[in-house]
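The following pair of complexes shares a single chain, chain A, combined with chain B in the former and chain C in the latter.
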Partner chain A sequence: MTQTVTRRRSAEEMAGDAPAWRGRLTSNPAARSTFYVAAFLTWLLLAALFERIPGPASVVDRLIEEFRRGEVFGNFADTFYRFSIGVALSVVAGILIGVLIGLSPMARAFLESPVMVGLSIPAIMWAFLTVMWFGFGHMSPIVTTFLTAVPFVILNVAQGVQGVSRDLRDMSSSYGIPLTRRVRDLVLPAVSGYVLAGVRFAVIMGWNGVLLAEWFGGSGGAGYRARYWYDANQFAGFAAWVVLFVGVIIVLDQLVFEKASRRAFRWRDQTH
Partner chain B sequence: MAVLTVKDLCKTFGAGTARSNRVLDHISFDVRGQTFVSIVGPSGCGKSTLLNIISGVEDHTSGHISVTGDSGSPARLGYVFQDPRLLPWRSVRKNMLYVQDSADEAAGTRVDRYLDMVGLSKHGDFFPGQLSGGMQQRVGIARAFAVEPDLLIMDEPFSHLDAITARGLRAQLQEIWSHSKKTVVFVTHDVVEAVELSDRIIVLQPGGKIFEDIEIDLPRPRRQSDPAVATLQAEVLARLENMKALTPTVASAV
Partner chain C sequence: MSNPVIEAPPTAAAVTWQEGEVLARRASARHKRKRLALLVAGWAAMLGIWQVAAYYLPFGTLPNPLEVGAEMWDIVAGGALVSDLFASIAKTAVGFAVAGAIGAPVGYLMGRYNYWKAFFHDGVTVAGTIPALTYAVLSLIIFGLSDLGPVLAVALVSTPYVALNVAEGIRGVDQSLVKMSQAFGRSPRQIRREVFVPTIVPYVFAAIRMSFAVAWKVEALTEVFGGTNGVGFQIRNEYQLFNITGVIAWMGLFIVFMLLVERLVLRKLEQRVLAWRPDERAVQ
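Moving on to the complex of A and B:
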């Protein structure tokens, strides 16, 4: 086979003759909006095909109705209150336990199996158990959120701490770097990506947990309200709340975590 | 400058276990003043271990070791490693400040001076990953010099670099060292490099005993092309051939 070698163009040449619209069309925001448009069209199609799938119009109607009745803010306030406490506790406990496991082989031997067990227990189990233990109220969604999220934080942080380079630790001790500076300039930056990934998991898993616990808990909240419409056989109302759940988590993820991780990895992005 | 005293130093990894491995075996030597000492030996003979014991990163098993400043004060140490060992998330300049005393107000200007000396004054704000391997290694060298150490230890600092870069850095090292009052312990497996740079060469043999302790009495600055340097390089190499002949018996005795 013969191979034709054509002249390869420089980056400047290529940028010079590509129209600006093409650059915009192939950008990340463009890809993201393409996804949203496609998802929306799929929804339209499915709603047209199946009677039990409510279309966007009826869902939006129902959403407006829920806002008008004042159901949205009160229930979300409850949910966020429970969710924030559960996630905050899981992040703090997860970092502490994760660092411990990362540094001490004994702690690792002792805690590794419980963490793996925790990872494998689905949120719905915790939702049932905590309702049995704590009854209806704030406690069961908070504990469900915490228990669902904490193993993910532990696992990520422990992995990060174990990955701190031996060479860089030796370098630091040969120069006699004090502990506080070693933590600030070596350990924290090395672990920050893992902590961030852990927190991101905690938020997503915790959101799962809190909604499930509310679904079964019967004491208000977004999950409870979704259940209400489900029990009433009103699928548009149920779908309206699903749209709200999903919307909140996407906004949270995009606004907070994308920014935070871009900041934490600035050094890596500039490297290539 | 520093006084380094090593007496009957032994190091055994995994002492008392089935995998017990004696790496250094009754090593004794002293270095003081503005001396450039090379430790030469085949790979695996314990050179890095010796440096790690000197710098306090590694414990020794038995024997005595002390490092003090000339006046008896605690010695300040600079360490250049085989690889650059820079924090990837900190700029070049911040990497050099990382090992500086935070109370030292002159640290910033010193960092800039040594960055300039290794030809990287324009790269202070770069991240290590944006530099070539040779440039990163130069940052490692500048970092060690910028703490103005009494004792500078270097572990095969040029072995990962291409020949041209390494030659340039060797010349630069001689130049900087001749202006600064430092005791240097330099590890290499390259006898030719050791003869070019050193006042004295300590040869380690496998099993971690000192095989020879050779004075190199040549005028400076030295060039690799200088016939006197070449002659001595050949002579030292020939003496080390003896060690190779001796190695099997050493190995069977261990």
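Moving on to the complex of A and C:
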């Protein structure tokens, strides 16, 4: 039983042995920049392999060209106008219906199937139908955005309302906490994160919806312009617009919603 | 301060437990009937709104539910459903398999190593935010009119979901369990199989359920843009003929099928695989 065991070294000791350049190379910023370089090289490689994939140079060319022609701002103004109305409507309607579902089991039984069906209808369907109903104009993208986004808001809000702890609710009522404090300290912190997640979903889904409706609607906007280049077989022009509308949604999602959701979930995430 | 004594309220009539059980059973049956009635009412309201809208919209732009039902029956009876539906399902399944084969290792790396987490983080978040339209048209540009386009689109859209969920599952592994296994001299392979895999299975199911809903929509979308067969291809055909009844009928069949798969296959499978850990199943 007198076996000697080689002493195991702690992780810190091992890390201390490694040279400094290695630590810098494996740091998070280095990893991220490595990723961007790798992704860019992959793009170059793909563009070289397939002639149908436009390379970075031609895409940047097109992008500059589109800005110079003044196509970018006008079309994005149209798209944003439709998108923001659709998303705003879906958030309002979604919160109302979601709260109803979250509070009453009977409302849940009644509304469950419509929401489920709404979730499984793709945006393309709404784009087709609304173009038939409302013709070419603002109405079709707005309604498409609204209809694709609203089920996601409902689901998230309902989940949040159900998540408000029943025990805490009972306790605060038995200790006679005033209603304003109850709403401020119990209901709002529990629900706001879910509402925000719902809005975020609505923005991502609605952005797809508005672009699709514009693609088929033919009344201007970012989606319409992307289709113009696609139909002309100018894939570099299409890719330039992809860069634009993907860039917009990422800026919106990361800068606005990521920050806001960190704030909203602050109370929960602090524990771990 | 002493705790106040809470006295049980005097019951109206002393019932035996058998009577109580009968009452409770009756109440639960009543509750179930009420729920069922509301569920039926939900469907009825949906069809009712559709019917009213069909009546008021200009002729030919929205067929009423009965016409669509008849068209659906024609498609099913004519046998067109089977070939096109299976073409779509096969493409979705292959795309899913590709997504799993790429997403699971990426998720594993992201969950276990900080370096890879930082490496893939931006790419996965960006890939998850890109509108489905982009994936559909890009795969079409790459592969042209072929079955590979929808497969690529499905793979592109589901890979981030798989990777994110697997990564989260790995990070959720109980570290003290891993340390204990190491202390007792278990091999890394055993730890992987007995500790890691069972923990991430629920997360993988969550990933499948989440991306399933998105994946088939993208598949249909890609077929609408440039498929050679499948449900999306049929939808485009009917749209080009301005046959809105046909468009909605195909759509309805696909929705019915997907809901059946979600309810009957995925949920049952999940219950089966997770039968040994009831708490994860309860959290739906």
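The working rule: the second predicted complex is superposed on the first by the 234 of 272 C-alpha atoms of A that agree within 3 Å, B and C clash if a C-alpha of one lies under 4 Å from a C-alpha of the other, contacts with A are read in each partner's own complex, and residues count from 1 in each chain.
Everything that follows uses one rule, which is that a contact is a pair of C-beta atoms (placed from the backbone, for glycine too) under 8 Å apart; a residue touches a chain by one contact, two chains touch by 3 or more.
Since this is a predicted model, take the numbers as computed values, not measurements.
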Inset, instruction - Return first, second, both or neither, reflecting whether A:173 touches chain B, chain C, both chains, or no partner chain. - result: first
Legend entry - Which superposed partner A:185 touches (first chain B, second chain C, both, neither): first
Inset, instruction - In the overlay, answer first, second, both or neither for which of chain B and chain C A:72 touches. - result: neither
Legend entry - Partner chain in contact with A:254 - chain B first, chain C second, else both or neither: second
Inset, instruction - Have a look at where A:88 lands relative to chain B and chain C in the superposition and call it first, second, both or neither. - result: neither
Inset, instruction - Count the residues of chain A touched by chain B and by chain C, then name the partner with the higher count. - result: C
Inset, instruction - Could you list which residues of chain A make contact with chain B in one structure and with chain C in the other? - result: none
Legend entry - Residues on chain C engaged by chain A in the complex (per definition of touch): 34-35, 38-39, 41-43, 45-46, 57, 61-62, 114-116, 118-123, 125-126, 129-134, 137-138, 141-142, 144, 213, 217, 220-221, 224, 235, 239, 244, 247-248, 251, 255, 258-259
Inset, instruction - Note which residues of chain A are touching chain B in the complex, please. - result: 167-168, 170-171, 173-177, 181, 185-186, 189-190, 267-268, 270-272
Inset, instruction - State the interface residues of chain A toward chain C in the complex, per the touch definition above. - result: 26, 28-29, 31-32, 34-36, 39, 50, 52-53, 105-106, 109-114, 116-117, 119-125, 128-129, 132-133, 204, 207-208, 211-212, 215, 223, 226, 230, 235, 238, 242, 245-246, 249-250, 253-254
Legend entry - For the chain B and chain A complex, residues of the former touching the latter: 52, 55-57, 77, 79, 81, 83, 85, 87-90, 94, 98-99, 102, 127, 129-130, 147
